[in-house]
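Look for chain A in each of the two complexes below; its partner is chain B in the first and chain C in the second.
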Partner chain A sequence: MARRTLVFAALLAALAAAVVASLALGAVKVPFSEVIDVLLGNGSGGPEQQIVETLRLPRTVEALVVGAALGIAGAILQGALANPLASPDVIGVTGGAGFGAILIIIAFPGSIALLPVGALFFGLLAAALVFAFAWSGANRGSVGKVILAGIAVLSLFTAATTGLLAAYPERAPSAIFFIAGGLTSSGWDEMQTIWPYFAAGFACALLLIRPLDRLALGDDVAASLGSRPHLIRLGAAVSAALLAAASAAIAGLLGFLGLVVPHVVRMAGGTSSHTFVVPASAIGGAALLAAGDTLARTLRAPIEMPVGPFMVVLGVPLFLWLLRKAV
Partner chain B sequence: MRRFIRRMREQSTPLAALLLVALLCPPSAAQAAPPKRIVALTPFGANTLVKLGVEPVGISQTLGGQERFSPKLEDVEVLPLSHPNGPNLEQLAALDPDLVLSSPTWAKGNDSMGDLGIRVLVREPRNVNSSFAQTLAIGGLVGKRSQAERLVKAMKKDVAKARRGIERRPTVMLILGVGRTPFTFLPNSWGGDLVTKAGGRLLTGGVESSSGFERISDEVVVAEDPDVIVAVPHANEDDIPSLTEYLRTNPAWATTSAVRGGRIHISVDNSLLQAGTEVARTIRKVRRVYLEN
Partner chain C sequence: MEAATQLAAPPLEGRGVEVEIGGVPILRGADLRLDHGRLVAIVGPNGAGKSTLVRAVSGLQGTCGGAVHWSGREIGEMRGRDLARVRAFVPQRMSVPAGVSVREAVTIGRSSHLRPLRRLTGTDRDAIGGAMERAGVTRFAERALTTLSGGELQRVQIAIGLAQEAPVLIADEPTSQLDLGATVGVATLLRQLVDDGLTVLLVVHDLALAAAVADTAVVVSAGRTVATGRPAEVLDPARLAEVWGADARLTEHDGRTALHVAWLEQPKKH
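Here is the complex of A and B:
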């Protein structure tokens, strides 16, 4: 118990540090006192206030929400499918969202405002296809069937995305940031459109915490305790699909986070209990994305780089260290 | 007999010297016969050839539509391009070219063309001055050096005329692509150089990059406050209203002078993206339509 508390405290400290850094650092130097004043509503006006209020604050909030969403999506999928390699990729969401966004960027640049909606729609469509195939016919809802259907749908959408990029190579640069994953400074606009999907995904995940713990005992034991394993698995997949598709709509393709963060918190906390893993993954994911985004926009400032590689740089050493200790 | 031998010796010395010179100094490129069958994979290369009175046997698909090509190229075969190889090698080889004027964009394809034994020269200027130098180079290649010199003289005169009377130097953010993460043109890009020549001051945040493009922070955009935003989105004319609205409503740029003053422009002909021979005309358009200076 003390170990879990310690890990929670460390994660919260990391989150606080990441939030402070995200608000205080950027391409333009804004005094920290001014940042505090703006956050307290006492800004002096002018570009500095706008930078903190319109650019950094919404971006920090997006990083926290998307990071938490991907952390939770990975945690509940790994629990529901009892597979350490499960992540939003496995249920096709990432491939579908990527295709939806690239389709808008490349084939319909005039409708670029629909990019988040396109990513969300195709992400959920891909997940729906996976569910339709995995929950029909023999062995419906089995772990193997879900994973295989997911890989097939992911391949389908990845091929379509590659085809689009090859057909319109001159338009590919606009798609780089989406593919590599990155947050933008687009204020609250995108969040205003996408937040209901995050809310539904978070609520669903919250309800699944205890059922997932029962499922971890095995399908037969879970069923004997009154749970319905296939329904829990479907609920987890739907929740993960909502969270991952909404995240892709905001921040592009950041599959790594959903895969690694739950493992890190599981190993650090020494437990697989979802009561611990789900909230800890949310905090860890939020901290990792906020820190990665701050690095991506300050390391070569004023040039902005995609955040995906920075999360890998931050997350992989910790993951490998914990993995070595666990083995 | 002795007299005959002496005369032969006297005459053979210069002959031998001539033979030696001929062996040691093969004909230079300039002396070699100019290539007859030329394929131009850029609008700049194709239009320069036409202006020099040479008709290429093939031209390429181009960004921004075929209207960027001279009307004299209407009947010339057009080769489709794909990234990063450029033209289909079988279609190219079927044209049996002596020379291909290519672009760095097709770097991988250029090597493959070379492997086929085709002479490939990269001729795609990144700034106005290099367009003059490359025009002269193409003129030399096709044996039209004096025409090229006249053409460059006329181009320089026209450019100087197009730049005359610049009164204001607005800050211009010139962006490539669509979405909330566009790339910014830097001064060492074709479009960046044209906007600078037209009197604009490019918003770059002090960034330098060999590629000529970088994604820069919106914080810099707010701090440097562009007077004009020009976007090159790889889109069609029909998309201009929706793209203008999309840029206008970007919350990150809402307080810039460009957005508040309604000075957001979309350039879909790609004359700012890929070099062409219409340098002075483009500078005039940039001044008249975008910079209003």
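Here is the complex of A and C:
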């Protein structure tokens, strides 16, 4: 028990540090005291307050929400499918969202504001296709069926995306930032459109924590306790699809985060109980994305690099180190 | 009147239960009755439909014919939560997730009593502690499931079922993968639970074991229940030959049971 408390404390400390760094650092360095003053509403009213309030605060909030969403999406999918390789990729969301975004970038470059909506729509459409095939017929909702349907739909959308990029190679460069995954300083606009999907996904995930613990002991134990295993898996997949599609709409394709963060917190906490793994993955994902995004825009400021590759650089060594120690 | 019939109704009654899986009939008409405080053993050859029968009456497997009633209530009208309160189902082998302790697993067994997002109450903690005590797993409560032996794991599964605090415990071949000592331990535990007032329905392969622990044996053959009664009476040589195709005889002496088998002879038709 003490070990979990320790992990939570460490994660919260990392989160706090990442938030402060994200607000203070960038092309313009804002003093720590000024950041605190702005947050408390006593800003000096100068350009630094402007930068923090209109650029960095929305961006930091986006990093926290998207990081938490992807961490949770990975945690509940890995739990629901009892498969360590599960991530939003597996239920087709990433492939669909990528296609939706690239379609807007390439076919409707004049309506780039529609990109989040396109990513969200096709992300959810891909997940809906997976659900339609995996939750029908004999053995509906079985782990194998979900994963196979997911991989098939993912391949379909990946092929469509590649086809689009090959057909319009001159527009491909603008798609790279989305595919790599990264946040932008575009204020609150995107969040204002997308937040209900995050809210629904988070609420659904919260209700799934206990059913997922039952499912961890097997379908029969879950059924003995009055749950319907295939409905738990469906709920988890819907929740993960909402969170991952909304995340892709804001920050592009950051699939790595959803795969790795839950494993890291499981290994660090020494338990796979969802009452621990789900909240810890949320905090860990938020901290990792906020830290990665800060690095991505400070290392070669004022040039911003996509956060996706940076998170991989930050996360993989930690992951491999933990993996080596794990039994 | 309604309440009176429900009081008089047995905890579990199944009549003419039929199950098809993928278009193949598995159960073609099975009858089963469970009375309070009794241990009923379901026996039969491989593929006869024993597991399907207990899964069907537990609500884990849909039926396509017949009727199942729990204390007079039709199973189709009961929600998952209602079923969780009348019976606990202990599978042959549960999934064993990494990084979950015995106490956490038994706590999960309590979760049918909890409202979403609510914490455990003192009553819940007592029920969890009591279930672990009765199943004899308190000694290794903090160990991870992945470190347990087969016998210990089976006791944990029973503890998970007991934490549910349902009046009926249904166990599907709890001893089939255990060594002799662990089998004796689990058999003693189940009998003790029945003597303390629990009602137990058991799927079991070992006929000598069934004869020793069960009040009633139900013989399933080719998807039908073909006999129900005291184990010693139901499992006579004629039935052993007919249902299992073996020349064998069950004996009972001083609380010890044995199955005498002519291992290398073709059964004589009686």
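Going forward, the second predicted complex is superposed on the first by the 326 of 327 C-alpha atoms of A that agree within 3 Å, B and C clash if a C-alpha of one lies under 4 Å from a C-alpha of the other, contacts with A are read in each partner's own complex, and residues count from 1 in each chain.
As a working rule, a residue touches a chain if its C-beta (ideal position, glycine included) is under 8 Å from a C-beta of that chain, and two chains touch if they have at least 3 such contacts.
Fair warning: this is a prediction, and the values are worked out from it, not measured in the lab.
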First (chain B), second (chain C), both or neither: which does A:189 touch? first
As a test of reading the superposition: which chain, chain B or chain C, is in touch with more residues of chain A? B
Thinking of the overlay built on chain A, is A:217 touched by chain B (first), by chain C (second), by both, or by neither? second
Of the two partner chains, chain B (first) and chain C (second), which one does A:172 touch, if any: first, second, both, or neither? first
In the overlaid three-chain picture, which partner chain does A:271 touch, first (chain B) or second (chain C), both, or neither? second
Between chain B (first) and chain C (second), which does A:228 come into contact with in this model arrangement: first, second, both, or neither? second
Which stretch or stretches of chain A touch chain B in the complex? 26-28, 47, 50-51, 54-56, 58, 105, 109-113, 115, 166, 168-174, 177-178, 182, 184-189, 297, 301-305
Touching residues of chain B toward chain A in the complex: what are they? 63, 82-84, 176-183, 205-207, 209, 213-220, 222-223, 225, 233-236, 238-239, 242-243, 245-246, 249-252, 254-255
Chain A touches which residues of chain C in the complex? 22, 58-60, 79-84, 87-91, 94-95, 97-101, 104-105, 108-109, 111-112, 114, 116-117, 157, 160-161, 164
Over in the complex, which chain A residues touch chain C? Could you list them? 82, 138, 206-207, 210, 213-214, 216-218, 220-221, 223-228, 266, 269-273, 327
